[in-house]
Amino acid sequence: MNVADQRPGPKLLATHAPRSVDEVAEIVRCAAERGQAVYPIGAGTQADVGCMPRRPGIGLSLAALDRLIDYQPDDMTITVEAGMKIDRLRRVLAERGQWLPLDFASPGGTVGGALAVGLCGPRRFGFGGWADYVLGLRAVDGQGNEFFSGAKVVKSAAGLNVHRLLIGSLGSLAIIAEATLMVRPRPEMQAGLACRLSDPAAADRLLDALSRSRLTPSAADLYSGALWEQLSGCEPTVGPVLVVGFAGAAADVEWMLDGLRQQWREAGVPFDAIERVEQFDALCEAAAAWPAEVGVAVRPSRLCALMARLGGVMTELPWQARAGDGMLLLRVGPRTPAVWESFVRDRIMAPTAEEPSARVAVIRPPEGSAFAPSEAWGFSEDETVVWTALKEKFDPKAILNPGRFPGAIAAAGAPGASPSDRPATDGPATPGISAATTAGR
Amino acid sequence: MALPELIAELRRVLSPDRVLHAPSELAAYDCDAYTVVRRRPTAVVFPHDPAEVSAVVTQCAQRRVPLIPRGAGTGLAGGCVPIDGAVVLMLTRLNRILEINLRDRWALVEAGVPNLQLARALAGTGYHYAPDPSSQGASTIGGNVATNAGGPHTLKYGVTVNHVLGLEVVLGDGSVRRFGPVAGAGAPDISGLIVGSEGRMGIVTKAWVRLTPNPHEFRTFRAIYGDVESATRTVSRIIAAGIIPAAMELMDRGIIGAVEDAYHFGFSREAEAVLIIEIDGPPPGLDRQQAQILELCAQCGAQEVLAAADPAMRDALWKCRKMAVGAVGRLSPSYFIQDGVVPRTQLPHILRRIAEVAAANRVRIVNVAHAGDGNVHPIILYDDADPEQLRRALRAGEELLLECIACGGSVTAEHGIGIEKREFMSRQYAAADLKAMQRTAEVFDPFEILNPGKLLPDRTAGAGAGRPNE
Amino acid sequence: MCFDHDYESPSPNPAAGIARETLRRCIHCGLCTSSCPTFTELGDENDGPRGRIQLMRQVAEGSLPLTGRVREHLELCLDCRACETACPSGVEYGRIVEPFRTAMLAADRRWEQRFDWFRELILLRLFPYPERLRVMLGPVRMSQRWGLFDIVRRLGLLKLLPERLARMTELLPDPAPGTPRLPRFSPAVGRKRARVALFVGCVADVMFRHVHWATIRVLQHNGCDVFVPRGQGCCGAIHLHCGDALGARRLADQNLVAFELDRYDAIVVNHGGCGAMLREYGVHWRDGLQPHRKKFAAKVVDVHEFIEQLGMTLPAGRIDAAVTYHDSCHLAHAQRVTAAPRQMLARVPGLKMIDLPESLLCCGSAGTYNLVQPEMADRLGRRKVENILRTGASAVLAANAGCMLQIAAELRKAGAQLPVLHPMELLDLAYRELPWPPDSRATAGRTNGNTSPPRLIR
């Protein structure tokens, strides 16, 4: 159960399984002194996310840090160690009628792993993403400093939200050791309606009508016909499928479903193109578990225009799109690394570049592909500049998950900032954005 | 002293009429709504766009002169007090709503737009901007972002950080940077990091904020109690029943009296506590929730529960709650409002402690609370003409905050740390936690000129500046 | 509540007479800032209510000299009192800034001997006197009717006049047909429900006499005997705001004599500015007549509020139009009347009311403000007109002479053809079942039911 079991990864010189946060800090401190790479390991279920690290280093398994530290159902807060498995967390919450309204790629994964990957599923539209449920994190930075950021209560304005940086940064800034999460009462019912469409333009009209209506969906997604068949087990269809779901009291959900059905009928959708999705919860989980390889973020109103730009790609590949949030997820499928890469560059990245609000992230580059982290994650220049400086502060030796996520590597050896680029300093240059600015450009 | 030169440069990069430096005109910028600490700024500037903001930042960075962004100046923690001869940068002239896009569910607004102006612009669209701090009539979106402002409806809808999709920020080196609003598949949430940083990580010039669909229907109730404990018990019981109301607000006897004097709403002055409970959502589920809430209120000993009959009555109830703090001006010549948070289940305990602390320090404390969040706002009354009273009031406030920390809570839920609470940061956080924050701030503010001395305690900047005025 | 400042003996410290408690009531929360038109435009605390109170407090405490800049910030205040509506602590801003400014101006006159011909001649000697104003306006009216005025306006020849005089002329509305004198008495239509006296004022009577006619007819339709007592004059607001407290008192006392309080159920006012002043007669001076002035003030009521309390008779006519309503500051903030006009208009069959964005923000008229602070007045006027045009309404309603002049002038500048009406004019059309859009002749002098000159009592 570590990253090495899943696919060829970095050569692990040893794997440690610390039993406390102190031990995590100690291990990182030692590694930092030696400049040795550290690869945090959860359950390994999403080890294929991000670029492939190459530097040999030590594995740091958080499996033994799996305790439930505190659960106050009436406060709707829970604190767990990072190694706790998602399915155990769900069981604990379910006993008190509560849940974490997020879509997990894998119930066998760990809380820390899910946070480090940070990817969300269909219900992000209605419930928000990871960052909206994390109240506080305890973590260990690249020098072995243990720190806590956030709070254990549902509302706090004290201090900086450093913990938000750790969500989705693949453990490249600090290793998450413990999380305090906000939980919610589990909704009584979840259900949705699916609508088979002829083309993405039809989806655009329905989505527009949805945004003007008073319905409050928990998810609004598009699936390619092939993927829909695979996820739902329904009969095959050629055009895309729009799925809109609701969560809440049974009476409310039924009321919304009625409203949606009526809206679609008024828009001219034929009766037999609409079907009810009973197992909406399961559908969302399956959609989140689908290992997308490329993600294109775009402002929601431009999603259908983007799909039109991508042209044949949309019929060749299986895909799903978070229509409410503006995210298109694709699987290029098994090809040789070179073919895979040129497909992504020529057929996805090139047309996407024409769409001003869109940005491409290569979520799961195949082994052997040449995407460097900075390119794969599609950071803007502003993000690169700031992130590089942050990495410098939190992991100056660049030992945390090196090569998997954008960071300091590119900046290493870069020429220093020229004095004319920043305000005159009378002391030594403050390491910060200014230095990074020139490095990034 | 390079200040005359700085002022000359500022007048050059803006225009002379947009740089105030006469002592008579600087006095109004001595403090914000936290009046305990007042300091005179070096100058006040009024840029019109991000490029001008950047030019001002660059000028100040070159001379290492601290810079304080300011909007409506309604902050309650002294975040805008210009310690160490800071230049105050007013964002009030960046006040346009640039885009309202319902399909993308966002609005793009400049930092100086008052929260209420956005709310009004959204009227009739079916959407709203959810954070509704009690200061929303005046406070700006930029200020709300800086303090991660909350409000009564955060219980269900979250605080400002949950509603910011992207930011345009001028960083401490004068660079203008944009984060968001389209979130990449794996890009870290840098705008979420900047929210709540009280101007320490950049000067926000634009924000993309999330628009939330208006609830289908509201039900607003006012429950009256003979004792505070019964009211707090109701809060816990409602949450335990799996209901998340849009808001649950508590007012105690002291504040009810002031509100009545101000607005004549018809609250009984005999009531020891009033809860305002609001639920919202589609109509079918509301009936059941309403029945449950009425039942729970009765079980917990509510003397009377009144449902708002129409939108006008709902507005009146909320007006009363939101203006409650200001109405305290009728009780006392000076006050300061504390902002602490405890786990919701500790609410009865903290309210008992507040009463004890008030008695021990011989000050009067009245209470409003976002009870659903465990967020208490004890309002400590004093007369600023009497230094002894001020000292006792400050001591009472300090004791209450320490109690919040002891309960596992936080010294601020929504007002921010500012200058008022920076000494408490080291009580709430370990040195390593603060160090992590410090390092993060340095990335955005390499020359330590952005509101230094606020939020974080470990700087030499502003040493002793937190002391009250002599 | 009485406040103890003394206009008649200006001292070097303009805040000398303002009670310390009144000044200290401000707890510096800043919730007023966004309600303030000048803060909204300039974003400077010194041009917002909280900052101005601080300036005045410091002057009062002697820690700040009354420098030119300080004066400018205080003079830029419109005294619209929107901040009072916003203030949760009940700070009576008007009762701080008004005496302060009056004393400031009076002191200025006495010690600096600053002779301002405009204030002296036009504001104080001409404006408040209907007869002088009428005579003065004669030639202007004539040239308006011949179309000369329009040409002059278009050619920009007005610029040749001294600036403020030119502005004043710009404000003049288009010529209305000669409106006959108001009748001393007009009887109730139908069941008699009240006896009221109408206050007619100065500018309002010269430029908006047709509004008085409409008001009389609306009151008649609502069962009121309407009296227009002779001998009444300007309310005194212009004098007071220009620092001439004595002149204001003289006018107030003239009105005290003209209105025999016991004969009427109410003194009805249809313009917000006059109403606010009359309602404050009880607080501005300190002499033996104060009890009488207080009694007078207590009788004064806004016409909309009065008819709403009485119970409005539904009009028979229909007006199929979409209109918008602008809140006059001195009606909305000083008198807290916002609902009554809207409720009355909403009852007119066919009429659609469109909400005016920033309705509570001053239009820049503010009494004589547009004559003394032209730049800010123009900015606010433009802002108001942009908001009005955005509504798409076919007419804009306002219940104050100054607002009507200002909005009409700004609309003209913007090239918009929107009529500016007083709510009473629109209601009058509805009661008389006259067609929309209004024909200017319709509002001319005619009381209900009798085309012959009204029956006079006495």
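Should a chain be cited, it is by its letter among A, B and C, assigned in written order, with residues numbered from 1 in that chain.
Operating definition for what follows: a contact is a pair of C-beta atoms (placed from the backbone, for glycine too) under 8 Å apart; a residue touches a chain by one contact, two chains touch by 3 or more.
These figures come from a predicted structure and were not determined experimentally.
Visitor: Which of line, ring, star, complete or other matches the graph of chains that touch?
Guide: line
Visitor: Identify the chain whose mean C-alpha position lies nearest to the mean of all protein C-alpha atoms shown.
Guide: Here the chain at the core of the arrangement is B.
Visitor: Which integer distance in Å separates the CA centroid of chain A from that of chain B?
Guide: 30
Visitor: Averaged over CA atoms, how far is the centre of chain A from the centre of chain C? Could you give it in whole Å?
Guide: About 61 Å, centre to centre.
Visitor: Provide the C-alpha centroid distance between chain B and chain C, rounded to the nearest whole angstrom.
Guide: From the centre of chain B to the centre of chain C is 38 Å.
Visitor: Which positions in chain B touch two or more other chains at once?
Guide: none
Visitor: Within their complex, state which residues of chain B touch chain C.
Guide: It comes out as residues 20, 22, 24-25, 27-29, 31-33, 35, 44, 46, 72-74, 90, 92-93, 95, 112, 114, 116-117, 120-121, 123, 135, 137-138, 262, 323-330, 333-335.
Visitor: Could you pull out which chain B residues touch chain A in their complex?
Guide: Counting only chain B, the residues touching chain A are 58, 61-62, 101-105, 126, 147-148, 150, 154, 158-159, 161-162, 171-175, 177-179, 181-190, 192-193, 195-197, 200-201, 213-214, 216, 236, 239-240, 242-244, 281-285, 288-289, 339, 341-345, 370, 373-375, 408-417, 421, 424-425, 428-430, 432-437, 439-447, 455-456.
Visitor: Which residues of chain A touch chain B in the complex?
Guide: 49-50, 72-77, 97, 117-119, 128, 131-132, 141, 145-149, 151-162, 164-165, 167-170, 184-186, 207-208, 211-212, 214-216, 248-249, 251-252, 254-256, 295, 297-301, 324-327, 329, 357-359, 361, 363, 377-380, 382-383, 385-387, 389-390, 392-394, 405, 422-425, 430-434, 437
Visitor: Once bound in the complex, which stretches of chain C touch chain B?
Guide: Spelled out, the residues of chain C in touch with chain B are 24-35, 39-40, 42-46, 48, 50-51, 54-55, 58, 64-65, 67, 69-70, 73, 86-91, 355, 357.
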